[in-house]
Amino acid sequence: MDADLNQLKINRNAKQIDAEIISNKKVGPYHHMVFAVGEIAASARPGNFVALSVGGENSASVLRRAFAIYRATDKGLLGGTIELVVAPHGAGSKWLCSLQIGDFVNLIGPLGTAFGIPTTAANTMLIGGGYGSAPLFALAELLKNRGCRVDMVLGASTASKIYAPLEGKRSVSSLTLTTDDGTAGVHGQITESIPRLIREFNTEVIYSCGPMSMLNSINKIAQDFDLVHQCSVEESMACGIGVCMTCVVPVKVNDDIKMLRTCIDGPVMDGSSIIWDKESLKDRLTK
Amino acid sequence: MDADLNQLKINRNAKQIDAEIISNKKVGPYHHMVFAVGEIAASARPGNFVALSVGGENSASVLRRAFAIYRATDKGLLGGTIELVVAPHGAGSKWLCSLQIGDFVNLIGPLGTAFGIPTTAANTMLIGGGYGSAPLFALAELLKNRGCRVDMVLGASTASKIYAPLEGKRSVSSLTLTTDDGTAGVHGQITESIPRLIREFNTEVIYSCGPMSMLNSINKIAQDFDLVHQCSVEESMACGIGVCMTCVVPVKVNDDIKMLRTCIDGPVMDGSSIIWDKESLKDRLTK
Amino acid sequence: MNSFDFSTKIASKRFENPIFTASGCASSGQELSQFFPLSEIGAIVTKSIMNKPRTGRITPRMAETPSGMLNSIGLQGPGIDLFLERDIPWLVENKAKVVVSIAGESVDEYGVLARRLRAVQGISAIEVNISCPNVENRGQVFACQPDTASAVIETVRRNIGGELPIIAKLSPDVTDIVEIAASVIKAGVDGLALINTLLGMVIDLNTMQPKLGGKTGGLSGPAIRPIAVRAIYQVHQAFPNTPIVGMGGVSNGRDALELVLAGATAISVGTATFSDPTAVIKIRDELKSLLIERGFTDFKSAIGYAHRQSA
Amino acid sequence: MNSFDFSTKIASKRFENPIFTASGCASSGQELSQFFPLSEIGAIVTKSIMNKPRTGRITPRMAETPSGMLNSIGLQGPGIDLFLERDIPWLVENKAKVVVSIAGESVDEYGVLARRLRAVQGISAIEVNISCPNVENRGQVFACQPDTASAVIETVRRNIGGELPIIAKLSPDVTDIVEIAASVIKAGVDGLALINTLLGMVIDLNTMQPKLGGKTGGLSGPAIRPIAVRAIYQVHQAFPNTPIVGMGGVSNGRDALELVLAGATAISVGTATFSDPTAVIKIRDELKSLLIERGFTDFKSAIGYAHRQSA
């Protein structure tokens, strides 16, 4: 993540294509969808996302929707695929989930920053809320290959909303589940379990993805323990490619505050640099 | 058709239903579509139309589209079907044509006035332009059953655009085709052939359906021959049920001019009462 | 849940529920009665009526636009005589609550209409559509200037007498809608109707000419909803005690709730009726469920709620 | 067909083709250069730049609406110093034609910006965004009154000197856009940009509060196209010799053609870039085909064509 506005930032690898859907399976409350994306797969890194057009030709939805890449598989000359985990929520995501194999969706990717990887083996903890777990499995694989210990903690309001496919678990050293209603794993909010687990696993680096309020809580814990915290944030995005300035989060840069674009300076950002309490900024922002 | 504004006019038989598509076949440049409509079929008369929602849930198209009923088949307790002939033209009709068997479309019908039937057997001529032939086949059947002679004249710019299915022809005494480009039947505009055919068949009543300019020309011929002319007109409709006043045509009522709604006082109207030259009215209309 | 109070009030008049039709989008109700009993909704707001019968504009009178439509009807209508003789008795007979919308080309015409309506039984309110060209002033729309807007309202107020609530229907095509609202409130209205259509145009790419016979038309439908919400919010903020009949692109219960939270005391449904004749009924039912889900025990406490919580 | 002349002119400046980006919808061009060479389009209109760096408004800054969106960015930007040092050289190096959009909170700030730009190489025109709150006058937007609008333009004119064309960007949120156009034309603009966004609001049904951090936001996208066409048509009718950069909901060649026929000399594409980064290229190609299909031999003869044929 680069906070220096003096340096131009472009998604150098981003391509726009019509991607064919080659699988669309309901998994609990989510849809696991696979897209044929050619060379895009090769340049995707854990933490990147794609922006999809939704609603079809005569749709009242004019904006793209962002989805974290769950997995990218490069097949060389055969092209590659990316996989997404989509929660049917509003008009756009429901439309996506209703698509069939063989349908095409306009896709731009890979976009945004990727998770930073420790230069030496470290004890890492990957924390995901709801569909926030999506980008963590590919990250786990990469970290494991680099010799890191990977402890994964996934939480949701209820058991069915935890997205944790079997094949995703093979790279983790431990997997802890938490549910607000106690239907699976530890009963309680995911953040309640984190301090205990950090101590247990001797965690050095935290990666997180999920709702902003969860990331905020995790960030406090990371600061208490003085840990590096890389989080993938989620703000409303209009363009996904850095031209509209809707998706910003306030970030401390030296003594200054900069509103950085989560689509290009993020979504993966250094948790300690983010100003989580937006209200505290009211006076420094434009009215 | 009732021109007296003192009398209230309501589509007494109109029902709103989600109609299932039970067939959708491409026929030349058109789509022949069959909908399961239950009791609506029983109350449909030749000349009536239906209004369909288009574009699905998140569509940017907010208005219904009107389609003339090509055929209505009442199957008693089994419910009934109606058939439409749809020309894929803009967003709405293309969407309709893309639907599959088993899909549902919200439908209101039957709407509007029906063709008036002579009280005694008469020599009738049915003139259709393009998909304007759609409502004429059911009319032909009805007229034949009443003992009328039925001569049908169908025209279009080119052969493929004439909609004249085999089964539709069984009720007609003669069928004349015309094409502007000479690819089928008589070479030339449909209206050029009409005077000759009127003389040949001793026509007493004309029924017509097609573009307004064609109806206008036919009306002049009908007046020259002093024939009754019932035409099905087409104006832009927003509501289809009589509440918006967008779909009007100017009609002579005694010495006055009334703007009558083609969705409820039409689409079938007495050709001689319509003021075809709208421009002539400019001074009498609201600026 | 049965005890949820869905009623609303404009001045002295009570309505069973807050869902009304929008003027010009339900004619005088007869055609809709084929689809539901008119007594099921809060009120029928009739097509704006003028003093004389009127032919309206040349066709085409409508053009579909993205999530909306343009219309240029030109206030076609039967005139007040036939309206009073034919439509009002029918509406009363069918147990509909009636809000009569009136329109004029001069301040005087509004006065004449008000006098004709003052003694009529079965009317719950008068909606004064001031988005009409003023023929005495270069065709400038009354609603566009505070002075002409208030002149119309003063005249109606003077002529209507009694306790029939007067609702002024404002145009969003102004620099400062709060200023116009202030002027008509000062002139004595009991409520406001927000918003009328926005002036728009579509050009036909085949003829390369404006598509509508009248060239420009009024834009309505979901496309304009954010503008309606903003206008209602601004006016409710400035005049929290003035009832607002909110409208503009409401096509489901969620849309209606948005306008209510912004400050609407009742909701008129226009263009949505064209896409679904029973839209008003669905919107009524959905709005009620949404309010109950959110813990409201009556409709009134949701009005303007988006203001009460703000910092 | 190769001989079709697609170029257009604003005052003395010639553009290869009439398709521009819209201010605030293409940043300073760098990000889009990943998708196409910037020299392929008529011009890049940069995000409105202010004198000082600016953080902009609190998030959420956008809300999707039917066929449109609201934004409330609050003119976040690097300030003129960094802009001149970093963005302009990059744009020049990448062979982009550049229209610089400027914004100020006071008449003076516009003057300062104009002086900073007067000697800068590689700029084709200045677009003066006067749809900004005037902090010296209760936050009233400059574009909303003829006198404040013309005060800004006069100051820019005086400070810019030379022959750099000045384009005034107007707001549609006014009672009479022709009156505002008249005032800035009198003050010496070379062209107009029509239309900026319309003020709107969305209320979040979960929080029951305005969805945007800044409460209100600007409505853009296809939803507003009929309003853009109307505004362009009205202003072109009144001032047929003043070039208009038309914008508002253009998302394909047909939309662009509509604005051109209404009177636009060039077309800016805003929101459509968010749904498709290469929208400008597609619009350019589609517009050209549509013009050729209709028998035009050059772009210029299509400008305002809808007026020439009318009765």
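Order as written gives the chain letters A, B, C and D; numbering starts at 1 within each chain.
Everything below uses one rule, namely that a contact is a pair of C-beta atoms (placed from the backbone, for glycine too) under 8 Å apart; a residue touches a chain by one contact, two chains touch by 3 or more.
What you see is a predicted model; the values in this text were computed from it and never measured.
Among the other chains, B has the CA centre that is most remote from the centre of subunit A. Per-chain Cα centroids separate subunit C from subunit D by 34 Å. Computed from the mean C-alpha positions, the centre of subunit A lies at a distance of 46 Å from the centre of subunit C. Rounded to whole angstrom, the centroid-to-centroid distance between subunit A and subunit D, based on C-alpha atoms, equals 35 Å. Residues of subunit C in contact with at least two other chains: 63, 66-68, 221-222.
Multi-chain contact residues of subunit B, defined as those touching 2 or more other chains: 60-61. Contact topology of the protein chains: fully connected, every pair of chains touching. Touching subunit D in their complex are the following residues of subunit B: 60. On the subunit B side of its complex with subunit A, the touching residues are 55-61, 91, 95. Against subunit C, in their complex, subunit B makes its touches with residues 5-6, 8-12, 14, 16, 53, 60-64, 106, 108, 235-250, 257-259, 264, 278, 281-282, 284-287. Listing the residues of subunit C that touch subunit D in their complex gives 63, 65-68, 70, 144-145, 173-176, 198-203, 205, 208-210, 215-217, 219, 221-227, 229-230, 233, 249, 254, 257-258, 261-262, 290, 294, 305-306, 309-310. Residue ranges of subunit C in contact with subunit B, taken from their complex: 24-27, 30-35, 47, 54-64, 66-69, 71, 73-76, 78, 82, 86, 90, 213-214, 221-222, 251, 271-278.
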